[in-house]
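Naming follows writing order (A, B and C), and every chain is counted from residue 1.
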Amino acid sequence: MLEVVNVTKRFGGIVALRNVSLKVERGERIAIVGPNGSGKTTLFNVINGVYPPEEGKVIFEGADITMLPSYKRAWLGIARAFQIPRPFPNITLRESVAIGALFGSLYGKIGAREALEIADERLKLVGLYDKRNELTGKLAVPELKLLEFAKALAMKPKLLLLDEIVAGMPPSAVDYIVSLVRKISDEENIAIATLVEHVMRAVVKFAERVIVLHLGSKVLEGRPEEVLRNPLMEEIYLGKRWSL
Amino acid sequence: MGSVLGLGAVGLSLIFGVLRVVNLAHGAFLMLGMYITYWLFVLYGLNPAISLIPSFIVGLLIGAIVYQTIISRIMYGPELSTLVAGVGLMILLEEAAKVMWEPTYRGFIYDIGTVYVGGIGLPLSKVASALLSLLLVAVFFIVLYKTKLGTAVRALMQDPEGAALCGINVRLMYALMFSLGVSLALMSGSLIALHQQQGINPYVGHSYLLIAFVIVVLGGLGSLHGAYVGGILVGVIISLSTLVFTFFGVPQPMILAHFIAFLLILIILLLRPQGLFGGK
Amino acid sequence: MMGYRAFLLTVFTLLILVALRFITEAEPIGFITPQFVTFVMFYVALGLAFNIFIGMTGYVDFGYVAFMALGSYAMASAINRASSLSLPGYGAIILGLVETIVLTFILALIVGGIALRLRGAYFAIATISVNEGLRFLVDGLDIWGGSAGIYVSGPLIRLVGHEAYSFIALIVSDLLLYATAFIALIITFVYLNSRIGYALKAIREDEDAAKVMGVNTTFYKVLAFSTSGILGGLIGASWALKLAAVYPPEAFNIFYTVEAIVIVMLGGAGTFLGPIVGGAVYGGLKYVLSGYIPGYQLLIFAPILIAIIVMVPQGVIGFLRERSERLREFIA
């Protein structure tokens, strides 16, 4: 469904992504793993249309979307939940989520009333329904992360990009979110790509496939158990001990 | 003229650079400075150069009061609040000036001779004011780059949180820099009074506020040396384009020259929003 | 429809105000006179029209008065043309309105297309420059009479005669103004309850996040900017009918923009109730103060304004809305 072909992205002299390719199938869950600075966020930004790559292509459902602005990608069904929540502080939760519904893959097909219904349903799903008429600015951080998730889901995406949604959360919340994401992905056949820096346990539970980025290149790809056992992982995260 | 305008623009840019506040009362502060020069000269025959001292002190005082009562309470709020508060302050100062000094134009002539440069006669008072403003700006930059206080200010402009962690009293610095910015505006006004051919009135600050924006944008918002150089550039651009328009027989060359200045803002904002001298 | 009860209540209140204008024609009730009503409605219309852009998107347009000026000029020049060709008078007014809409729309597209790429203080300064630049252009190139301005009342009297003129300057101009206020109110309500309103709110809150969520930010910003601009032009056009002449320093007076900002701030940005409350309070206060203490009203008004900004920066309605969930549901 999503295909990233030989993408290279530079910032000035720094190569953030080097010839990276990957595929995501419908309903599949993948995790993109790598330490800070490995190019994970850049990869998401390229898929998402924040900036175009210098080389390579991004293909979604057979169409080349490399140069498409990000709002049009949202209409095609690519949604994103940011790592640091980007709330709309002065409007209510319900309105925030309704914005997702109005401008996601249902863009142009529904009106405000239907969008609010979808918002209610999505807020119920993540457990924030009781606070639907509160202003977003009043929420605590874990709730904001859930709201971010609800906003992305309201877009009825085919592909959901999750930036580190579990980072910085208490373990109990991690389990809750991971099982929630799994459930929704299975029920609605949503492909999910998530960025993971550290919480490996979550990766194993969640992803069907893991892609490891290191210094802008794809170095490993495979089933989570295999990848985590690969000695290269230790090298990436702990440095080359033997070369000291 | 450009140098004198540059002095005021440095004040505006200082406030924006340090506090991230666009001070819309800037023009009103210039107006106050002009009145200080005017009254001291008319009532006591005081040399306009000396009136820079009272302008400096009054500027610090007003700046401190305004910071404490208004700016410190809203500077972290939405941008709109500080903009509107600035307008409120502008109206307040102008109306107070109107009530105290009447809305009529008042002018004075401070003639200390004329110098001839390349056949063009320049009134000595204007030359002196340009040199004085250059001197003041030089002092300001020496303080900024050679003293501990200056280092703290520059740190604050880069990264307020980092500066706070380094033990800089951010609130005190904000108060100081706001006051200093206002002081610079008043001193600039004091000197502009010498260039004001049709005299001064309470609303004289408006056109200077807008010109100050041109200058600050030209030099880069928050860039201090950019503001000063921008001031000189704007002075030159307006004079030159006035000359060119006069040459081509345009009905109102001076006014069209101002149009060019504003056109310049738009072009610069679009092509190089960091200004000609601002870094990325 | 969210907030429809508040909407109906507002329409009803404004209708009463309009009715008062005609009731007090014969005899004033207290300080309420036709002039008072029109004065208040002018600021209500201004607040509503301006709010569609500034309140909903959070962008501060300091050049707003340029739209009003353009409207005034369009109306004045249409009347002058009709007068020199001796065309029917009401036709000239209709033509003036049409030209206002076309010209302000073009200005909005140009300025919006260019300046809306900038944000925050940069946008505010760019719009000031557009306003001042236009003023200097009109003045410097002698467009529309240059600094001398362009007459309205004279040509209009020649066109329709004295009796019809006073009817146009008093009644027709008032009605056009009220109509603009109602149109602005209805548009605000429709926007708030449709995709457009949600898009604009998202832009106001976090433009980058909005884009990623599928909001075509440029389109909606330009839409709000031109809607607000055209309405501003209509206010300028209807007001011009009352004037003797339109000339640059008055037409492009940045103080109108400032007043519009104050009204929106006073009432609370982004709602339709905010600018109405703000406009009524501001207009009413200004009218009453200028009646009792002419010449000093601004001196008293300025500290009040500052106090409001310092104490309730989100505006009266914004303040209440933040505190009460019921009010949030009521006004949307």
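Going forward, a residue touches a chain if its C-beta (ideal position, glycine included) is under 8 Å from a C-beta of that chain, and two chains touch if they have at least 3 such contacts.
The model shown is predicted, which means the values in this text are computed figures rather than measured ones.
K.L.:
State which chain is most central when centres are taken as means of Cα atoms.
P.N.:
That would be C.
K.L.:
Relative to chain B, which chain has the most distant C-alpha mean position?
P.N.:
Centroid comparison gives A as the farthest chain from chain B.
K.L.:
Which chains touch each other through the most C-beta pairs?
P.N.:
B-C
K.L.:
Which whole number of Å gives the spacing of the CA centres of chain A and chain B?
P.N.:
Each chain reduced to its C-alpha mean, chain A and chain B end up 49 Å apart.
K.L.:
Rounded to a whole Å, what is the gap between the Cα centroids of chain B and chain C?
P.N.:
About 31 Å, centre to centre.
K.L.:
Just give me the whole-number Å value for how far the CA centre of chain A lies from that of chain C.
P.N.:
43
K.L.:
State the interface residues of chain C toward chain A in the complex, per the touch definition above.
P.N.:
Contact set of chain C toward chain A: 2, 193-195, 197-199, 201-202, 204-206, 208-217, 270, 322, 325, 328-329.
K.L.:
Considering only the defined contacts, which chain C positions touch chain B in the complex?
P.N.:
Per the stated touch rule, the residues are 54, 58, 60, 114-115, 117-118, 120-122, 124-126, 128-130, 132-133, 136-137, 139-142, 146-147, 254, 258, 261-262, 265, 269, 296, 298-299, 301-303, 305-306, 309-310, 313.
K.L.:
What residues of chain A sit close enough to touch chain C in their complex?
P.N.:
It is residues 48, 50, 69-72, 74-75, 79-80, 82, 86-92, 95, 98-100, 102-104, 107, 111-112, 115, 133-135, 151, 155 of chain A that touch chain C.
K.L.:
Which residues of chain B touch chain C in the complex?
P.N.:
So the residues of chain B touching chain C come out as 16, 22, 69-70, 73-74, 77-81, 83-85, 87-89, 91-92, 94-96, 98-99, 206, 210, 213-214, 217, 221, 245, 250-253, 255-256, 258-259, 262-263, 265-266, 269-270, 273.
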